[in-house]
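See below for the structure under consideration.
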């Protein structure tokens, strides 16, 4: 059951990774690789921090979702301009599932609640962060026009609370994952955002003060 | 005592990370995240190499400096054009402290002196490198117009010598950290540099031969 | 014997890293650092996944090839426009050696063949990927105009087959490494490629649909 949910989450993230490969003009092998990094990266980082051999490399089954995702993206590529929205949608689905499973795994390792929540956040944002970093684009995580890590934070915190209250079961977990997904997607739709890092600056239009690297065109 | 110094170093690096978030136009959550990566990243990489569960995730106290740093940067954002200088200043302070503590931790793990010095360098440059990489800018580490890793190398080497000579104490450690800090800041002020990787090329003016990626505007 | 082959592979990758430092206009210290990351990064990632302390940090000898590579590149820098070809050539040599040694190491750790092949691929593409990511260029791995990870895949798969058939020896290993090297270099020479991630798109000319980050000028 737990493994099945993990595999579904890996598939969502892997699709987001393969769509990024399509968006950047990479080839099919790069697509499978980027899908694998995006789908499995967060969990591998979490397991390294937990100081255990990553579960990913114990069971070859974990590599099926990325392979499947690359084939799906190859077969059903959407129009170019819809690509970024689709990436964000699949990414949000993975985010919702992984903030729950990541936090639960840390709690089962007897980490304190604060650390468990942080590990849940790292698990759920890690894959997408790695995807963006190795694709050489500014990570979606840092886009100031919507809510990303905060959605994972809400999901992870609720998971820790439910677990400590002894209320965690499949339905509650699914509800929390859905909530984190909805927060993320709603923030994209309605432009919810948090204040800028630099408090008293006005939110920039189409350019970012002090930036010197490549910016996304929709920034 | 040791923990206190670590926390101060983490705070310096975290401020550098949050200032980078301000410079790139990220939001407050991204600021805390980037501060955390910059402040804690070097130590996590070191602990992974030492094959132990990162100390960072054992004690929630380690997450206080990044949170504090994000709030400080939010409250007291400097003018845009001073941002990069400030990042370099706080980064240099963290560099000085971490090259000492990183090398000492490796020596206590009975690593040979060469490896201990290298781990000290990795600890002290790792956080800033991760900050720059995930912010999608060319790492400061590679700027050929000043001295960066070399300052950490001097600090780490002196730490290893002092430790093997049995002379290491709080005052000596503070002196070495101050020296590494001064070398880094002086190189920025006076334009000290090391030769280019490509020996016989002339140092480029405002452009870099063979470059194909984004360059910093002050490069 | 095994260590000697590793050192040769590390040297090839380190030269590729130092040449990248030359191409991007970094300094000599950055050159040694980037050579070290490129030469040692793949093996460190593999060892972290195998959950053992990276061999690299047990023996200072592993740091000799990157130092040597930085000096060689400093002394014999080629013309600017030949740099990228040279990087690819040395990278291909390292790729060939590492897909064999990486797979063998995983097999000796009793991993299943699928995982061993994947670890071989990660070992052989990891160093170059880290080099490109921290140099802030789009990884060569993703270039859709040639074959990269696929060459490593062939080498790793043949290694696993030969090992399970009890046929692995120095000559067979060298032959497989040479084959992977030749596939990679031939794909560069003759423009072999795999289909794009986005199946029904036409291969773009000089620009990539949906890309928003920096592109290589020869893309």
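In this document, chain identifiers A, B and C correspond to the written order of the chains, with residue numbering beginning at 1 in each.
Here is the rule we go by: a contact is a pair of C-beta atoms (placed from the backbone, for glycine too) under 8 Å apart; a residue touches a chain by one contact, two chains touch by 3 or more.
Just so it is clear, the structure is predicted and the values come from calculations on it, not from any experiment.
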Rotation in the CA alignment of chain B with chain C, degrees, nearest 5: 120
Could you classify the chain A-chain B contact as same or different, where same means more than half of all interface residue numbers appear on both copies? different
Quick one: chain A and chain B, Cα centre-to-centre, how many Å? 27
Two or more other chains touching the same residue: where does that happen in chain C? 48, 51, 133, 136-138, 213-214
Interface residues, chain A side, partner chain C - complex: 18, 21-31, 33-34, 44, 48, 51-54, 57-58, 60, 63, 70, 73-75, 77, 80-81, 83-84, 133-138, 213-214, 216-217
Could you please specify the touching residues of chain C with respect to chain A in the complex? 48-51, 111-112, 114-115, 118-119, 125, 129, 133, 136-139, 141-144, 147-150, 153, 193-201, 204, 208-214, 219
